[in-house]
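Please find the structures below.
What follows is a pair of complexes built around chain A, which joins chain B in one and chain C in the other.
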Partner chain A sequence: MTSTRTDLRAWALMLPLLVVILGVVSWPLASTVHLSLTDAGMAARSGNFVGLGNFTRNLGSGAFRAAFVNTAWFTAVSVSAELVLGVLAALLLNQEFRGRSFLRALMILPWALPTVVNAILWRLIYNPEYGALNSALYQLGLIDAYRSWLGQPSSAMMAMVVADVWKNFPLVGLISLAALQSVPRETLAAAIVDGAGPWARFRHVMLPYLAGPLMIAIVLRTIEAFKVFDIVWIMTRGGPANSTRTLSILVYQEAFSFQRAGSGASLALIVTLVVMMLAVAYVAIMRRTALRV
Partner chain B sequence: MERRSPAFTLFVYAAAALLGVCLVLPIFWLFVMSVSPASDLAAKPLRWWPEHLDLSRYRLLLTWAENTTGKDFLSALRNSLTVAGMAVAAALAVAVPAAWAVSRRPSIEWSLQVLIMTYMLPPVALAVPLYMGLAALGLLNSVFGLALIYLSILAPFTTWLLKSGFDAIPRDLEAAAAIDGARLDQTLRIVILPLAAPVLSTAALFALLLAWDEFFYALLFTADQRAKTVTVAIADIAGGRIADYGLIAAAGVLAALPPLLIGALMQRAIVAGLTGGGVKG
Partner chain C sequence: MKVLISTALAGAFALGAGAAWAETTLNALFMAQAAYSEADVRAMADGYMKAHPDIKLNLEFVPYEGLRDKTLLAQGSGQGYDVVLFDVIWPAEYATNKILLDVSDRITPEMKAGVLPGAWTTVEYQGHKYGMPWILDTKYLFYNKAMLEKAGIAEPPKTWDELSAQAKIIKDKGIAQYPIVWSWAQAEAVICDYATLISAYGGKFLDDQGKPVFNEDGGLKALEYMKASMDAGLTNPNSKEYLEEDVRRVFSNGEAAFALNWTYMYNLANSGDDSKVKGQVGVEPAPGVEGISKVSAMNGSMGLGVTTTSKNPDAAWDFVVYMTSQKTQDAYAKLSLPIWTSSYDDPAVAKGQEALIAAAKVALAAMFPRPETPKYNELSALIQVAIQQALLGSATPADALTSAKEQSGL
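Showing the complex of A and B:
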């Protein structure tokens, strides 16, 4: 059988998948690009061509910049915390102790809990009048009056980050644990014989095995965090005073609440571009560090 | 292994206990809230352990009667199951041939890598045209419309998972089947799929979790009991004027139960899938 014929057959087998993606992803994306160049509303879909007007206006707007900063802050803080806590949990689970496999099984729970349920659970915990956090801190004598954790700009974003980190650090932990367990025991034993301390063992023996999987986890978590919508929508809807309004929330409001489809589309494309640049940057860094460790 | 000092052993157990508490406490508290009488939850400070077991919220949510929260919630559970079931079945149907093609013809693997990139797109970048498209097709507020969109989310990564499973199946088996005169579809059905059963079920369960979890598109594209999924329904309950936090908690527990069970059952497969597929990619 010739190679072209088998190639053709392979493409034929790919066809249903390609049709689905073309119809449900590529076509809408192209349509969003088109919309972003118009002043279309949600009801009257054909707007006037305005060129890059939506982009320049939105990039210059204070609302966009504030949402960008919020999103970047949320992403940077949650992903770093998930990374640190995940690796620490993996180092712990890599030790031998009784109940280790049970504890590892528990790591699945936050990951499996639906995102929306997680957001609602933490909203209940942070409730200003009847929340568990207020009650616990008050009874421990750490605060003398109940606080509105999600109702104040100073604490709302951090409260949301905690909820996101709790749900996602176990995933980073499980990925790191699998990587740690692929470190050959002989290599580790040799390092100990050579007198390598805990830090040297981590840095020179474990990190080379950890770096690749961890990088993939960071890329995936960063992309997810930058697109964050669900947890914000449930916990604060972007408030108070827009202090937790992320880019996805801003796009949603622009397109669906204010019915400005064209402007919303331009914002959505800006978010997409940033996510892609982040992914490309990570892959480039990963290639470079892969050569070094 | 290095011998550990007693102090270090103590530290390991203390850290393990702390990690265990952190992982379980929030979920356990959700459950406690769901069975605590409303008066306990409205106490200041809270009554941490219920005076008596109050199962009224579960009764309310699981009773099918006209114009009740129960009917809303139960139809949402039904819709979630229908949408996720249809989307997962369709995703596997398109993923099996595609994954096999990519696994056996590495020269076209780039096409799958391009499709995987769609994962980077924020849903907001597709939402407006999808909304208009579904409206034009009469598929707004329909389980079929939502399942179609979920199919596009599930199919690329299901294909990716299946491909790494198919890669592990020796080609000799197909050659032998071809010599015996089997057609391609017969080879796939009789030889490949049974061998790929473990990876097929992992992919299906993964896809099911993802579909069950989805909120953004469901929020936009569904409006009432005919299509609202469970994520939207509990967001409604939590966002409404309900003063009883126990009811919100109970709805959360019920919505979380299926994925938590699946997660507990397939924890080994999840870790293997997340690392194996990810690391090799």
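Showing the complex of A and C:
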């Protein structure tokens, strides 16, 4: 009786929020699903029902496959690099030394930059005529002439990965640092007494504390990286020769540049589905990891 | 207390009355790239507001790359702009989607007679006019006089082959590492340079039935020229990631002997504060090809139109007429040349830029159009990629262009 009443009251209190969520999430989502089943254009919204035609055509197209591979590559390399760098930075900042708080504060800076600013900044760094990267590598004797980093397919994608990693490894670092600080000093001290080396201490004492939070960081970063748009749009707009065109860029082009709203909506839904699958997989792994730890 | 309330009420009334009396607000969308500078456009608009105190103008500036998408999206949302700047390649799409008002009847006989005949193609689709031409532009060949002199070259090139030959001399003498710079990034800019070359080689994008033919004859030769120039090290390899402003920077820094760019670069490079090549800038119509063409040029003009969603179409049109009027254009003729025929013989307009005016007279008469199709943007994107594939060597020019043709579905 009491619990029913509490339940009712809880639902009543949540109702406004639910309405808002339904309004701003479900309605656009439903409308996107509807749009994706039509051949509607952007200017003239009303289209004919085409069933799953948009999905089958897009999934079978070379442009989609190429963009998918680009996106997967970008995501895998960025997130791995952010993970390794983030944990290393956290281990370093977990040590006692003078200026530690200053360094910790400093590390937040790249992460606090808006993505667009970050992209513009790195575009300047990569500039083929007066960019800092060319200048540095040239003066160190590592290259014998200035290069067009964003004008070559071989380096353009890597250049974007570096820009993304620089901005986002601090997030992984901060999460790891917080986790590391929950490792009891006594346990660490005991491990040292028992003769555990640095690797063994990391693997057997710290990693169990680190695993859960790291998983969250990976989930967040993977989803973000898979949706990457701003960095690409500002640095190369998908070029050279579409070698850096990611799925989000493809969605934008299809829907806005080429004015095929229906087809663009179907691509957007495919991206959403992939991201959802990634999230579900991570949550499953997280549960298992949590049980083991 | 009573006093307070009545004061507040009076204030509110005053505000309300003021708003009702004062103004019509017009929202206008411009670009912050090439042609008239943002400062120039704002100054023109201020002039208009001074003459029309009842009109308030909200100007918005976006990069060229965002201009079309922004216009279409604003229209879709129902509360867009009153006046928009549009490129010569968009009237087909804008007309099909009813973005712009058909203003054919608003254009007076005097306007019709005064404007250069070629300029009207900028705003026309299937016989209707969707605005006034405003920025009359094409790609010119700019050259660095000092570099040419140092290399012992007496005359700027008349043909594209001569351009390569002169560039080779300049490269071999070590005067410039990469003598030519272009805007070949994956963007509309590369299509403009490519279109200039197609016009030189007598090619076409589409045939009379609207079928792509850019993969053969002139279209193919144009891309082969670009690739050969890149492979020989005559063209700056960074051109693959450059837009017009990058070209201007490289040329203004004295790092290139030749550049293809719009009108606006002339005065900025020849007398701009940030230029290192002041007074050394020469400008000519882009060269031709022996036996086919004397010069080459493409229509890179832009127009101002009134949107179908504008609540004040009459006021908006009045503003467009003002912006495109001979008086306004003659007063701001340093970064973009007027659309009016008689302006080109006006010494006040030509002063300090005689070379540019001379080049414009020839080039503007030879402007070659980009394809007129509602699907222009998609076709352009495919050709951009094909050009880059060929330049990067991942496909031969013929294969890359043929593949673009097949994907276009035209």
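The definition used in the following text is that the second predicted complex is superposed on the first by the 287 of 293 C-alpha atoms of A that agree within 3 Å, B and C clash if a C-alpha of one lies under 4 Å from a C-alpha of the other, contacts with A are read in each partner's own complex, and residues count from 1 in each chain.
Here, a residue touches a chain if its C-beta (ideal position, glycine included) is under 8 Å from a C-beta of that chain, and two chains touch if they have at least 3 such contacts.
Keep in mind the model is a prediction, meaning the values are calculated, not measured.
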Taking the superposition on A as described, I'd like to know which of chain B and chain C A:128 touches: first, second, both or neither.
second
With both complexes superposed on chain A, which partner does A:42 reach: first (chain B), second (chain C), both or neither?
both
Can A:53 be said to touch chain B (first), chain C (second), both, or neither?
neither
Touch check for A:236: first (chain B), second (chain C), both, or neither?
second
Can A:208 be said to touch chain B (first), chain C (second), both, or neither?
neither
Quick check for you: in the superposed arrangement, does A:116 touch first (chain B), second (chain C), both or neither?
first
In the superposed arrangement, does A:256 touch chain B (first), chain C (second), both or neither?
both
Residues of chain A touched, compared between chain B and chain C (which is higher):
B
Please report the chain A residues shared by its interface with chain B and its interface with chain C.
42, 45, 129, 256
Taking the touch rule as given, give the residues of chain A at its contact with chain C in the complex, in rising order.
41-45, 128-129, 148, 150-153, 236-242, 253, 256-259
Name, in rising order, each residue of chain A that touches chain B in their complex.
6-7, 9-11, 13-14, 16-18, 20-21, 23-25, 27-29, 31-32, 35, 42, 45, 89, 92, 95-97, 99-100, 103-117, 120-125, 127, 129-130, 132, 134-135, 138-139, 146, 166, 170-171, 174-175, 177-179, 185, 189, 192, 212-213, 216-217, 220, 223, 226-227, 229-230, 233-234, 247-248, 251-252, 255-256, 261, 264-265, 267-269, 271-272, 275-276, 279
Hey, which residues of chain C end up touching chain A in the complex?
65, 69, 72-73, 75-76, 93, 97-99, 185-187, 237-238, 240-241, 249-250, 253, 255, 375, 377-378, 381, 384-385, 388-389, 391-392, 394
Would you pull the chain B residues touching chain A in the complex into a rising list?
1-2, 9, 12-13, 15-16, 19-20, 22-24, 26-27, 29-30, 33, 41-46, 48, 93-95, 97-98, 100-102, 104-105, 107-108, 111, 115, 118-133, 148-149, 151-152, 155-156, 159, 184, 209, 212-213, 215-216, 219-220, 231, 234-235, 238, 245, 248-249, 252, 255-256, 259-260, 262-264, 267, 270-272, 274-275, 278-279, 281
